[in-house]
């Protein structure tokens, strides 16, 4: 198994005139979690999107497994699961339909696996109502189910605990713990500390842009 | 200087700015001279046409501007493609600079074409393939400029309009072919006979001179606009202060 | 215990979906979504009907005169209607974040864009091709020409969907992009209009309409090959 490692090398990113990322560097290995903190506008989302390959830095590189992600983006993307601010769900589909589609275009998926994921996040009861009718917290849980189903070694999460109650936040922590136990990597932009007792938690604080 | 150094210089705004500043007068003056001589040769020296009399002389403005309208679009598309593929901001700046110049050339070509048509056919507009293609090209320019202005983020405006320019240039031959095909189906009024292989030298030479003059004019205008674009884009950079201070 | 460890290791991952499977899922999803929001599909068709009504009102109730302008009227109305329909191609996906999941799916974005445009054509172009003969009848075209009208509109609308997808992707981030989208898309659609209207005109006259139909087909093939690439590039740019 090739060593899974996510590296940022001398990342510089401008948004318009603002120099958002200034020479950012880090190296994250398997079973490690990088917690990114910073005030609003400090570039957390921009960093995550640059790590995804959705934005290209003006300078610097992102490396996955030692090679530049730009060399083979599709392959990198199959190793990646990204959830942004809003849970990426179609309002007119049910959670189950959303999951079958979202994970299904990446990997072979059975209905049972989708059901299992929904149960795990506590969404089994309302898995067949249109997402339109769900609360923000419920939508976030469905997104977490999708995260599990994508079965990716690298997780990039933008404020994963938004809109979640205490139980929901516990769920996020345990999911991250399981991912790390599998040898996966997590990069999470957060406002509050993640509670990951006993795990390899690395911290990155972004200064204001 | 190695090729790599030269290529790097080409992408560096301060270098391009200085380079453009030095070259502009050369292009501008040679353009002025050529156009002045070409106009004189075409309007005064060249003999009257046996069919159209003196009316054909508008070709000395119409033909070069029509040709340039297409040339500028191609240049714009190439610059945009370079900017898109190699992510060179200066290429995007060049493409942005081309657009208003090309649109102006197109407009002049349309107006002179219309005036010429008025003398030849008695109407200010006819749907002949040349004029129709020229009109559609004008819309393509307007679309490009419209897309640019609709986007606040300069980088997105650059890249989106670059895709549009490349799509446009692929479509230009298709549009031209379809318009010619369309025109040939319905017995439309006579096409302007611009490509006359039997044009005597005394008529042809001024035309070529004008063409060259307009090309140099385009180069001069491009360099002027390019400098303005660079100033806008790099306004927060440190080298600007030195470059613009007297 | 060993099995459990292996099965939870990151090595053992489920097999990836094939491009065909992804396209099938995309098609199914888009059709399902459209059927749940039927207004989106019906409104462009109503628009088409209304526009074709404008011309008799503006020209003359005489069918003989209308028959002469029918090809142009049908095709202009079809063009404008397909412009309207482009609104829903990407807009919703861009707003709820699912479009960027497509970019991150690991599948070829151009292929996904092709599948999406194919679904869009099934939902908009094909119904238009079915409605066009009805509009044609209202403009006095002979019944024998209806087949030709259906073919030409069906084929032409393929190219229109593909070209429109590029414009829609480029203007994703522009608010109230209707006029700009028209400005970008209509000049590029003019060849389709020319060939399509000619095919319709020949069909109405009872003459063989093969040649312009082949040209429409050529445009469709060109569109299928190149447009998804441009649309994918445009989507990426809009998401940056």
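By written order: A, B and C. Residues from 1 in each chain.
Here, contacts are C-beta pairs under 8 Å (C-beta built on N, C-alpha and C of every residue); 3 or more make two chains touch, one makes a residue touch a chain.
Computed from a prediction, not measured in an experiment: that's the story for all the values here.
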Next on the checklist: Quick check: more C-beta contact pairs at B-C or at A-B?
Outcome noted: B-C
Item to check | Chain closest to the middle [Cα centroid of all protein chains] | outcome: C
Checklist entry - Using mean CA coordinates as chain centres, what's the chain B-chain C distance in Å? => result 33
Item to check | Length of the line joining the C-alpha centres of chain A and chain B, rounded to whole Å | outcome: 48
Next on the checklist: Show the residues in chain A shared as contacts by 2 or more other chains, in ascending order.
Outcome noted: 56
Checklist entry - Listing for chain B: what residues touch at least two other chains? => result none
Item to check | Contacts with two or more other chains, residues of chain C listed in rising order | outcome: 240
Checklist entry - Hey, which residues of chain A end up touching chain B in the complex? => result 16-17, 56
Checklist entry - What residues on chain B touch chain A, complex-wise? => result 87, 153-154, 236
Item to check | Residue ranges of chain B in contact with chain C within the complex | outcome: 84, 136, 139-140, 142-143, 146-147, 150-151, 155-156, 159-160, 163-164, 166-168, 170-171, 174-175, 177-179, 181-182, 185
Item to check | List of chain A residues in touch with chain C within their complex | outcome: 1, 4, 30, 52-56, 74-75, 77-78, 80, 82, 84-93, 97, 100-102, 104-109, 151, 153, 178, 181-184
Next on the checklist: Taking the touch rule as given, give the residues of chain C at its contact with chain A in the complex, in rising order.
Outcome noted: 8-11, 13-17, 21-22, 25-26, 29, 32-33, 36-37, 92, 96-98, 100-108, 112, 236, 239-240
